[in-house]
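After this come two complexes, each holding chain A, first together with chain B and then together with chain C.
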Partner chain A sequence: MTASKRWLPLTFKIALLTLLLLWTLIPIIWMVLSSFKPNTIITADTPQVFFTPTLEHYVSLFSSGNSLWPYLLNSLFIAGTSTLIAVVLGCMAGFGLSRIRIKGKQHLAFWIISTRMAPIAAVIVPLYLLFRYLYLLDTHAGLIVAYLSFNLPFAIWLMTAFFDDLPPDLEEAAMIDGATKFQAFRHVVLPLMTPGLVTTAILCFIFAWNDYAFAQTFSGPSTQTIPIAAAQLLTQTGIDWGKLLAIGTIVVCPMAIAGLLVKRWLVQGLTLGAVK
Partner chain B sequence: MMSPALFLLALITLVPFFSIIWMSFNDVSLMGGLAFEFSGLDNWQRVFTDPDIRSSWLISLVYFLATVGLEMVIGTVMALLVYSLTRGSNIIISLLLIPMFIAPVIVGLLGRFMLDPSHGLYAWMLNESGLFDGNILGSVGSAMVAVILMDVWEWTPLVALIVLAGLTSVPEDVLEAAEMDGARYGQKLLYIILPSISNILLVALLIRAMDAIRFFAIIFITTNGGPADSTKIIPIRLYDIAFRFFDLGYAAAVGITMLVFSIMVATAFTKLLKRQEKAS
Partner chain C sequence: MATLQLNDIVKDFGGTQVIKGVDLEVKDREFVVFVGPSGCGKSTLMRMIAGLESTTSGEIAIDGQRVNEVGPADRGLAMVFQSYALYPHMTVEDNMGFSLRLAKVPRAERREKVLAAARILQLEPLLDRKPRALSGGQRQRVAIGRAIVRNPSIFLFDEPLSNLDAALRVQMRIELARLHEELDATMIYVTHDQIEAMTMADKIVVLQDGVVEQIGSPMELYHHPRNRFVAGFIGSPKMNFLEVEVRGADAEGVDVALPGGDCRVPVAGDGVSAGDTLTLGIRPEHLVLDEAGPLTGRIQVIERLGGVTSLYLEHGDSEWILVADGNVAHRVHDEVRFTFDPACAHLFTAEGLALAHLTRHPLADIDRKENRASFA
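Our next item is the complex of A and B:
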């Protein structure tokens, strides 16, 4: 242990950290725990810690008349497709942008970053009108396009940052050895970019999976995603907490695991390459 | 290689961009098919005179200062604590990061669940301890505090993660030298640690600033701007204008004022990136 790391009394440090951990984790633990409680325990006047766990909420989510399946499939399909398109196109554009030397490159960069930062509420208004005009409301394609409006600039920007870290010497050496530009890209550059590609894909998927505002506005009976299912149950009178908490658990757990899988590259991803 | 992506990006961003500008000069009606009626600067005049818009910007400002301020302070403390750990820091930061992967709708759901007046855990704790016994999300003041804290809960980890990355660049030898000279922790923090992470703190601030105006789902799902409009930040107001009153032309004008704000943040962000490039 280096001397510089020693500071503040240990007990104080532990107390503060414990407090922060409790603040962060209690709601999540309470949600997951309560999703296995029978409704009578969830709505008890005093919070209950001991109970006989039940899977009834999960079972009813996937078996009752208004099953969660269609919502889940819509979410997977829409988030998956928009991620795939964003990552493939973003990877190609990122490689190009990183290697090219042109005038006005910073204007191009500025355009890309400002589209990523555009407030969703402001983007929704013209998109709604255009989608209505093009008959894209309540279609999977409409939501995929909507998610591309933030995932595509994100993927281009982030992949550019990842390619910037990779010295061009490698592909240049391959090309000197007789590889075409595409071969050099495919066999030399791409394998080294796996962490960058996976990070970009996971973050794009999380952004699309977690979206509520676009889905609320553009989706219809046949295209609603899981966040919409949660919102619908939440606005009913007499909230069915058991079901809702089960949905919450289903929405949260895979994304938390996926996000933590790329923890090493997360800073770079979430600061759009500004911090490495 | 760049052309397919840039072409698609142009299509899905520039078309809406010019549409929203054109919409802001029109009275857009949805009844009986789309209809545009040119209305000159009417919408723009309303944007700058409407007291509802002004109060929404004010609430947004309070929300923005409170959330981003708390996130910066708590996030920095969180990062300093984790950085000072000699072991277990990996697992602890992983646990602390979880909230930022959670969909805002679910954060709102959790807020409603924890604060439910009849069986929420936090509501019960506040009630038992005698701190607060009203309907938290249903009362002016406490509702604002609650939605601010939900945002803080979700996004503080992001600030902590960014600051933690910055802390690895703090010059270790300078810290050690200061320690030999008998510097206390507060002095080291103020004169060595914070100055050497100032750029990182700025990155965190800008990232949070742009997202603060981007997302609105937490409020949407918990209070939807209420009670008595006390949590009606500008994106919620815009959504109301557009999709409750279907006044799309006016909503477009409000949307452009929001865009101006985010373009300013983006400008600051690219300037900062350039400065970093020169420094390295």
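Our next item is the complex of A and C:
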């Protein structure tokens, strides 16, 4: 009796999750699969699941005249630097915001996250004008600043939430043990913040890595990122589907793996055992 | 070894005073317990001593040196937190040795000191474990060990036993008392549990709403409470209170009217006159069942604890708790008569202040050292 009661909703849950997974995964799986297909099969009228895989699209991406390497390096450098800055500043600001007792703290915190609420489209033109005056167009620094403007408030907000979860007893215990505020932060707080730092870093990196609008507007020939390279394959003379799918795979796969890592960290309760 | 003085210290949190001018003198090697109901400010007071909270006004001095401006790291204290606050990413050994690592003590010496503390607390087999692999009692011990390794001038304990189950709490209480003997250090202990306060303290500080109600030895607080709050807070079950009318009063005693006749309580009756209303306080353990007693009551509830029995009595609109021996044969709804020795009774004015007893209880001024001598 009880078994069938549990069994029914369970099958329902599984069915729902399967549907959701198919909905999410089929386009990605199809993209990854197709990136290994020869061009003739990609554009065939009937979809083909079985084929002899080829690396030709990947090889031509990195060997042809317009190699993907500079784009990849730009993406890694810009996303990496903006993430690093966002995490370092976000960590310190978040700690302050979580611990300091000041009036109207919630308002301050809300104001910081509210700057992230504006849609990219609303800030892109003003930023373009600003960047032109500051000679930041077609520079790595320009894109790093643009991504920071969105990632920093987000990082501060996220890190504040992580610090709020960490009982202040631990830092206080460290200070009574003879630590300065900074030593308490360095030896006790920071090691316990790894899940928070990794989560924040990956989410910030994904934002910068996936961005197309900022990169399209602010970058020039020497600073273009991977999404721009992908867009360049959509030309008036035709679309190079094979290369496009290969780029898509290169963009998506590292982030998908990173996303799974975030999940692991998010769930982990590292503070278990610190406080009853 | 260290002394501590608090001089009219005040803590103000954005307009609300939580500590309203506390004076206290802690002697070297004394075990002082702050006790009071939740929200009375006892933890805040301890955090101010530790340096975790700033002091709005007044002076805190350790060994005669003002420390108001000294940070928690440099006050030379150790604190055991209610939550234990063990560093979850460090092993037991690293937790205990953290203060030494910060002080740049060489590894070998550090290990030696940690081992010495671990030996006292029987923690040696656990040194390589992380806190999450320990039971509540073990975590508690590690937290105490960490304090011992620090070799502080004063130990601070913030409700250290409140997360333990009852049996473990009793065991740790005894262990802490023994530890105090062994380390012979100045200790300050915060609790809301008056049994912990009574059993461990040399000196109890009773706090309510940020004000010190009374400071004294456990026996002094028990036998000579300064006011009605202390009388009700110390002792379990709670003291019985009854409004009574004064028949007559002089320096030798006060005559009050009780339901079963008048009674003379031997307290200083200066300033009290016939017709005044006072509150009579009498502890449940000082009420005695007596067939010829002047007081009566109907039993509402009987709690048999084996050794003693608590009777909850009702008479008219007054309620009494009476603690009798374990062999009382009465049943619920029985009508019983009882009496008390007026020398054990207390009288409180309308403002709640106690009228002073004419004779001091012989144990009221006993201190821990004398307690210990009696065992030798």
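The definition used in the following text is that the second predicted complex is superposed on the first by the 243 of 276 C-alpha atoms of A that agree within 3 Å, B and C clash if a C-alpha of one lies under 4 Å from a C-alpha of the other, contacts with A are read in each partner's own complex, and residues count from 1 in each chain.
As a working rule, a residue touches a chain if its C-beta (ideal position, glycine included) is under 8 Å from a C-beta of that chain, and two chains touch if they have at least 3 such contacts.
Since this is a predicted model, take the numbers as computed values, not measurements.
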Partner chain in contact with A:44 - chain B first, chain C second, else both or neither: first
Residues of chain A touched, compared between chain B and chain C (which is higher): B
First, second, both or neither for A:149, with chain B first and chain C second: first
Partner chain(s) touched by A:76 [first = chain B, second = chain C, both, neither]: neither
Touching partner for A:132 - first (chain B), second (chain C), both, neither: first
Partner chain(s) touched by A:177 [first = chain B, second = chain C, both, neither]: second
Chain C-contacting residues of chain A that also contact chain B: 270-272, 274-276
Residues on chain C engaged by chain A in the complex (per definition of touch): 14, 50-52, 71-74, 77-79, 81, 83-89, 98-99, 102-103, 130-134, 136, 139, 146, 150, 163
Residue numbers on chain A that touch chain C, as the complex places them: 103, 167, 169-170, 172-180, 183, 187-188, 191-192, 270-276
In the complex, chain B residues that touch chain A: 1-2, 4-6, 8-9, 12-13, 15-17, 19-20, 23, 28, 30, 34, 74, 77-78, 81-86, 92-106, 108-110, 112-114, 118-119, 121, 124, 153, 157-158, 161-162, 164-166, 172, 175-176, 179, 185, 188, 200, 203-204, 207, 210, 213-217, 220-221, 234-236, 238-239, 242-243, 248, 251-252, 254-256, 258-259, 261-263, 265-267, 269-270, 272-274, 276
Chain B-touching residues of chain A, taken from the complex the two chains share: 1-8, 13, 16-17, 20-21, 23-28, 30-31, 34, 42-47, 89-90, 92-93, 95-97, 100, 106, 108-110, 112-115, 117-130, 132-133, 145, 148-149, 152-153, 156, 206, 209-213, 216-217, 227, 230-231, 234, 241, 244-245, 248, 251-252, 255-256, 258-260, 263, 266-267, 270-272, 274-276
